[in-house]
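For reference, the structure discussed in these notes is given below.
Each chain gets a letter, A, B, C and D, in the order it is written, and its residues are counted from 1.
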């Protein structure tokens, strides 16, 4: 059960209301987000919602049968929107596009990709400066100085930045230069990191674990939300299966299931989802048709020369062609006879 | 290496040519299909293709580096077409639709579904009469008598029939009443069954195994083709993974990969691929957008009352709505600016 | 519910008893095996077992909550024993050893391995004559003539034969020369084959599917048993997972779980279970310690020259060493203080 | 290639030697551990090892073809030993036992388990105070105060402590009270945490990821080792597969493979590996027989009342019985005829 409390209510009044809920046999977790104040209540007893609704300061009450609560669509029916300013909104029914290199490499690279984004009206750029790599002997990213350079160039063109955070310590250093913090697949159940990101006033994109279940993904999202951050979106990026003909197996089923289970926007990552460059566009389109709110894909002026993920990175012509196809399908889906 | 031999050539002449190929260090498997006569040659030695091309009766020669040969797109670049007569063709660039119940239940059921198919211009009907079931104590299908009834009703409306064959013994009994033999996921590596289906002059739809790799699927297809049957198509129907939020995990990646690897048509089964009725349509659309040559899905007048698979079977309204959406996306894809 | 009926009872009397059970709301499947006559009853109604026990000809009654019935240990508490004559018994508490080559190749090969078996007091020999192979272009076994030769040599030394049957047609041809029919992993859900093997009066070893669940394996076994064959044993041979450092992942957990769920003997196949020769012995020992009733492993005089599975086949010295270790651990387990 | 450098060598001398190695076309990573100073060299060029061996300060040189280097057994042939003082050594050929509750709950619980350990001569106790939990609404452990209490009681009896660290911040706070830092399955690729643990002078037990490959586990270990910590051991704790009859699938194959690939001790966790209490002992024994250097399992006075993992926790009698069986099998393995 989720009980929304009036933010204006005084602390003693809030405690009085919570006390009454607890008396009904519930345990209560208080959650204060950027937008509201909630009590997440767990308990088995039957309860008359009208009684709770009548308590001082209670704005609304929802029973949520899922074990995750605040991210459940049983509570919030409309998809949550994430507003990045300047009419850049994720989750508003249009297909949001995020593109950029696997890793930030140097100024020329960033500038050329920013140019591609501007030309194609893409508003959000991806690019890693802290790279999780299986081996300690490989390039681990340009770090905070790379991020500052990345930010400087993007800012000149109004491009928003999403980049991966690997460690609590990095959050504060990165904060000024980041529009969306990305949690990578390997940190999908790094609960300490999730907790602290819940206290940050910037949007978070949470990737599904390498073999994370849908249920685990939603509970990880609940960590962030229940720590105070509503600006949250999820990302399907392929799972690990027995099949090794591709890097990962893009789980297309996850798209409609997540859209049913949660009000959070769902972004598809076809680059990691299949890992083979020539197939990235059709997997992207499939995800859109299946209901994804947006795409995050890898693009580079010369994919063959990218320092990482060159096998799954589109060049500019491929990226441009993909966007035309996305438009064709979204246009088909917005037609009035499509229902 | 695949060497196509003139079908008119006399047997002694053929043997002479084969002898010369063997002398080059190749082992040779002779394959006679409905359409042509091939020599599939395995060997490591380098060879001058022009020499083989100059041998008596040789029509053409292709080097195929895959370990499957006759189903490889390295040999045949164009997608193979399967002609069922009356302009019903699979693999010709249009989206072929196959719909019908999980199991054939009775005349009324078949008649009502046939009626739905006719109304929606669907030309091929699925429906099982031999049902592979995990438990010996559940309904295993109406058998050959059910098939005859199924055939009688379909024939009146020019509807083609696809139905599963589980056992070599059944082939002859089913032959007259079947347009396409379906090999189910559990028989995907039943090599004896594949071998005999290779000698049958009716098309075969081969489903991917429950956790079959792409490579295994192509080799199973090679069994059928190399036994003599070119009228062959493949079906992606979801794989078994750690995720149990759905019946299977539809492997969308398999669609473009199979389309690249083989010239055989690739059909998507979204019903088994996700196993949840409300998600079947978007998975179907995703598969089409990813390049599938057609769909096979389950439909029933009252899915809730179907004897099997009721959770993944569309009703008539859902089926009709799906077809409209398929048309919207295929139309978008056929637009000249889509490339 | 399983109701055992006196085999001496006349058919009309049996039908009268079954009629009374059906009247209680049960559906009844009659099963006649080599040993007994059973009624497998499905239904939800509560029933007074004493009433059924009082019916004419009823020998005993057991409620079995599993959806498989006749293979459940809830019905039969003691492990079933499979008697191959001459005191060769599987499932009697000792560790049964089956060894032999992947494929029967020629007389010399068989003779040398038989000699190894005789020297090491191994009573059952494996060896494939019909080989399921992913590619149609590879060696598929010596066939029935190979089996006859295999039989001739084994018979001279009292060695029992287990070999794979791939197809219903082969059963009759193989019958005379086979002591145990093996169903391979790819045929684990070939229900037609299982059904016919249920009507054969020879033991069957049923392998788990390549990614078959425990539940599916038990239901496949129920197919055989409920068709009439009680002489049945199961085989864990590794499953398909994301890990490709080995051929398969031997599922050690399956051993104690199967031993709890079913009264059928459980045999471990460490050769396929890990697929790497040097690790085969420790996986074999692990399986024994975990409760397996026996081992089936591959052995060859010169594994490097075996036509198939050479990477997972022990040589004679390795086989002999393994047997000594098996003896050491089984002896430790039979000590009175081990409990 | 791993080049060990004399720790006494002056910095300028070291740099001179490294410079010469780089001139041969190698990139060099310097590693200083508790025990030694190494240069890990990557490069493709062939090299005369004798030349490198002749460089100033070089103690030895090993070519290691694996992409992980310092944890490879190709470099160090003997199993590394981890000495916890008072003759408590892991990796010395005996089976090390670690037992304790899933979570530290209170003084009485710790005291009763410590008593069980003392009675059974177990020297190392597990017990979580920071608990990774899928849901934010469940018990996350007693935290640092719980650890202090845990430490106080263990210290009185000479019991060593292993407990999970989830976050870099916790390391310093925990340091004084911990003998072995455990990295949990969800943090197996938390590279920042691994890096910092590499700079700590306490042993680390690194668990395999939930669906981590053997290769990923070894590379994660390389992170810790190459940051400076040689006191490292690995833990197989079951993997995620399609089978959901158990919590995880214990990967018995991993034991001999890891023992071949790395010189680090390999510990088995049968509690998580199967997750079903009655099967924990046989999985433990299987792991020992397969070559594990030790066990870590969950024990509690009243498993049914444990706050977490009660389904997989042994009671004292079961624990005692397991130890007797471990002794029986290790004794069998140490017999001179066992080889």
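One rule holds in what follows: contacts are C-beta pairs under 8 Å (C-beta built on N, C-alpha and C of every residue); 3 or more make two chains touch, one makes a residue touch a chain.
What you see is a predicted model; the values in this text were computed from it and never measured.
Shared contact partners of chain A and chain B comprise C, D. Greatest Cα centroid separation from chain D: this falls to B.
Separating the centre of chain B from that of chain C, both taken as means of CA atoms, is a distance of 34 Å. Distance between chain C and chain D, defined via averaged C-alpha coordinates, is recorded as 38 Å.
Per-chain CA centroids place chain B at a distance of 50 Å from chain D.
In chain D, the residues that touch at least two other chains are 211, 215, 240-242, 244. Within the complex formed with chain B, the chain A residues making contact are 211, 213-215, 239, 241-246, 249-257, 260, 273-274, 276, 278-279, 282-283, 285-287, 289-291, 321, 324-325, 328-329, 331-333, 335, 337-339.
Interface of chain B with chain C (complex): residues 27, 29, 40, 42, 67-68, 132-137, 140, 166-169, 186-187, 189-193, 195, 209-211, 215-216, 219-220, 222-223, 226-227, 240. Across the complex, chain D meets chain B through its residues 211, 240-242, 244.
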